[in-house]
Amino acid sequence: MNITVWNECHPSTKSGKTAKIYPDGIHVAIKDIFAGDEILKVRTVLQEEPENGLTDTVLSETDVLIWWGHVWQNNVLDSVSDKVCKRILGGMGAIFLHSAYASKPFTRLMGTSCTLKWRDIEEKERVWTVNPSHAIVSGIPETFSLEPEIMYGEFFDIPTPDELILLGWYPGGELIRAGCTFRRGYGKVFYFQPGHESCPTFYNENVKRLIYNATLWAAPQGTIKNQIQPIQSGKPAEPVEIQKKKGIFKKYF
Amino acid sequence: MNITVWNECHPSTKSGKTAKIYPDGIHVAIKDIFAGDEILKVRTVLQEEPENGLTDTVLSETDVLIWWGHVWQNNVLDSVSDKVCKRILGGMGAIFLHSAYASKPFTRLMGTSCTLKWRDIEEKERVWTVNPSHAIVSGIPETFSLEPEIMYGEFFDIPTPDELILLGWYPGGELIRAGCTFRRGYGKVFYFQPGHESCPTFYNENVKRLIYNATLWAAPQGTIKNQIQPIQSGKPAEPVEIQKKKGIFKKYF
Amino acid sequence: MNITVWNECHPSTKSGKTAKIYPDGIHVAIKDIFAGDEILKVRTVLQEEPENGLTDTVLSETDVLIWWGHVWQNNVLDSVSDKVCKRILGGMGAIFLHSAYASKPFTRLMGTSCTLKWRDIEEKERVWTVNPSHAIVSGIPETFSLEPEIMYGEFFDIPTPDELILLGWYPGGELIRAGCTFRRGYGKVFYFQPGHESCPTFYNENVKRLIYNATLWAAPQGTIKNQIQPIQSGKPAEPVEIQKKKGIFKKYF
Amino acid sequence: MNITVWNECHPSTKSGKTAKIYPDGIHVAIKDIFAGDEILKVRTVLQEEPENGLTDTVLSETDVLIWWGHVWQNNVLDSVSDKVCKRILGGMGAIFLHSAYASKPFTRLMGTSCTLKWRDIEEKERVWTVNPSHAIVSGIPETFSLEPEIMYGEFFDIPTPDELILLGWYPGGELIRAGCTFRRGYGKVFYFQPGHESCPTFYNENVKRLIYNATLWAAPQGTIKNQIQPIQSGKPAEPVEIQKKKGIFKKYF
């Protein structure tokens, strides 16, 4: 199983606060979640690479894509976003992390604005599990906290999730649907809301396990099709006889 | 309450089979569903009109949009489709009928390919209610049939509907999720699958009642916003004090 | 439309703190929500009455039942709970308020334990709307607070709601799915979590409007059946011919 | 992982038509689905055994229970049904097959009547996948047929499934939600509609794979609790200070 971790990796994160927490970049911290697992092959790609790192070859070799982006993911090429969406609709799994709620492929797959409230005062977030039998929260306690984290709050303009798995609580009075699944085409999507660049969230053991679990969950069950389902016309699944005129029937099968 | 019925009204439908069934156009048959109701104001617009009939004025006066399109709805301007989507996300209700599954605004709001199987042999469709307490099927029998109808069958590549209300059965062995609701932003969307241009479906009493019910259901509950929700940042909903350094706290409210 | 407000009205609430807030009982405060509406007819019944106030006559005349119970609702007769469930499955609407999460009919309709966390320190609750296009939150602001309220928190062991409409936030770090719909049989159920007997919640304008809206939403769309759907056997919906032996077919219709 | 296959195994099935198809009983045919898998341990138990075969020991050793019952499953002891439900709410997976829709534990977990339409004329059923990315349909074609099968049709009075995975089509004009998941407490439930005792359905390769997949899906992700979640009261998740009177605050943590 091949995992691709995509990071916008804006130059500003190569120094300053983010660089202190993630000296090799957030993508490396995410890649390290899978360290020690010899079955999963993980590669990292960056927005600054040709075709934003998501060439046809990379995509065709990817079973699950993990996306972290924030300040310049809006510059991702439309053609790249289109190919990512097509691949997801064809069966590739996808994990969208934190600010990826505003990324081109995520908003395109959702069909809504995906807007929300936010506040960066280095608050705390407390995460609660509301779907305890789900594979994504296997081994995760009923509640755990992340400190500091920034606030992303409701109303979060997403379609009703297929499954609501986590809720997030903040001391400032807000809350959010923090872990949600969405099936789109032949693919599975998981949105996980924590994970700001100035917070050590991706070193938290619960978060690491959640992302690990979600990646296994999102993995395609069958062969990924390299296209969306075409509109199909053809013969009936069962033989059928239609009356064309009085007494005149035509058989189809 | 203002209803706008949009019809692509392709020139080919002004003569031939469709014209025999719908001599004044499908839009007029749909408009007639609301005849006699003095509270509802219904206008019809056509794709051939400037801005495809959906000017800012028309949209700003519309509470529920009913869309019928098929062979050239793909030529609707992107700018018009964008405005329709924005208005729906802001609260306008929308009913997408039959081939509108492939329309620009519907596929954009769904985020999937919306592809399906089809076959036009003037088959029959039998419709079943699987959500009997829903307002949209008030007064509708558990099952009724439409003959002739064409076949639209699964796999229908839509996101999981918020509510699955109707299923459609065909003698040729296929079936489909034929009546589905989707909440998007502040707006409500209903997709209704029957209604081919060569079939008298929009004269069927059950179909008429379904469309009437769905229009009332889709009507906005509050004021329609003429924009999607912006991303908002600001003060906390509850006063909160954050520790900045050892012994140093900062209050926010 | 006939509404029945059911209150356990335990003797202990006729004096002390509850009596100060609700001198005539919580049922009267709930009944008053509908004051001034001449179309809705509201009656109140108490657990202490024969058949716990829910005789066949009362039930057969009720379109929407509103249930408030807490300390001795567990003494409601099984036969009464069964009749309430049967009537809901037959189409009667039902609003279960606050501690009614543990009532016999609610847990029976849910099929789960409905257990949760609680804490009574006269905290505050902040309510958030996460389904803004829903009729139940028409006219309700995105967020409002109730103070004091007690804490009911996740994990709340209910089935996945058909619609998640409200979330509740508490300063003590918990949160809850605070407004949920559930379709059961031909009936609609709304659970609303705030409303402790020692808190003036049922005088809050937003709560009053929520309960009013929910009652209209829960009203049956068609005739209420006084029984659950029976298992039915009979002739096919479409004529069908089955091959019995080689060359021998039998027709059914 | 321990699987228990429960069969009512009515004496009438030990001769006649069922015995011709399933000479060793349906439970053995279901057990054989897992033959060759050395990790899964499968035991079979029958209704005629003490405590209907589901003793505390058997249940405490079961990760996934597969239930086939029809003509006398209604005689299962209430105490046994209660224990099965408690174990499922505590995390045990469960697969209910065909007529098990009317079994005590299934109806109890659903909270509805679970009634449906039926007809036994040795019809055919055609199954369609409408949730192609789900683990339960991994390796299953978009559509396949079972012949003969009996008809179970809508309206099937179940709560809205968490996931609708399969639909069933019959030549006689009916259809049904034929493969549905339901999360209940800490446990996962799958209902699969085909599988009449007079039909060789459990030898069909697609059905075998579906049941195999569903069993893996339903397996508990964590430790099964031998009780349902209790109501819990206690200290807040976050320190909280409540104003008791003017100027008087009390801290809780």
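Labels for the chains are A, B, C and D, by order of writing; each one numbers its residues from 1.
The rule is simple: contacts are C-beta pairs under 8 Å (C-beta built on N, C-alpha and C of every residue); 3 or more make two chains touch, one makes a residue touch a chain.
Since we're looking at a predicted model, the values are computed, not measured.
Colleague: For chain C versus chain D, which are copies of one sequence, does the interface use mostly the same residue numbers on each side, meaning over half shared, or is it different?
Modeller: Mostly the same residues form this interface, as more than half of the numbers used are common to both chains.
Colleague: Please name the chain that ends up farthest from chain D once chain centres are defined by their CA atoms averaged.
Modeller: With centres defined by C-alpha atoms, farthest from chain D sits B.
Colleague: Could you grab the centroid distance between chain A and chain C? Build each centroid from C-alpha atoms only and quote it in angstrom.
Modeller: 36
Colleague: Mind checking the centre-to-centre distance between chain A and chain B? Centres are C-alpha means, answer in whole Å.
Modeller: The computed centroid separation for chain A versus chain B comes out at 27 Å.
Colleague: Just the number, please: Cα centre separation of chain A and chain D in whole Å.
Modeller: 30
Colleague: If a residue has to touch 2 or more other chains to count, which residues of chain C qualify?
Modeller: 126, 131-132, 143, 155, 160, 162-163, 171, 173-174, 183, 185, 237-238
Colleague: Within the complex, which stretch of chain B touches chain D?
Modeller: By the definition above, chain B touches chain D via 126, 128-132, 142-143, 154-156, 160, 163-164, 167, 169, 171, 173-175, 177.
Colleague: Please output the residues of chain A touching chain B within their complex, sorted ascending.
Modeller: Those in contact with chain B are residues 85, 89, 102, 108-113, 115-119, 121-123, 151, 153, 155, 157, 159-160, 162, 170-174, 182-185, 228-238, 240, 242, 244, 250, 252.
Colleague: Give the list of chain A residues in touch with chain D in this complex.
Modeller: On the chain A side, the touching residues are 91, 126, 131-135, 137-139, 143, 162-163, 171, 183, 185-188, 220-222, 237-238.
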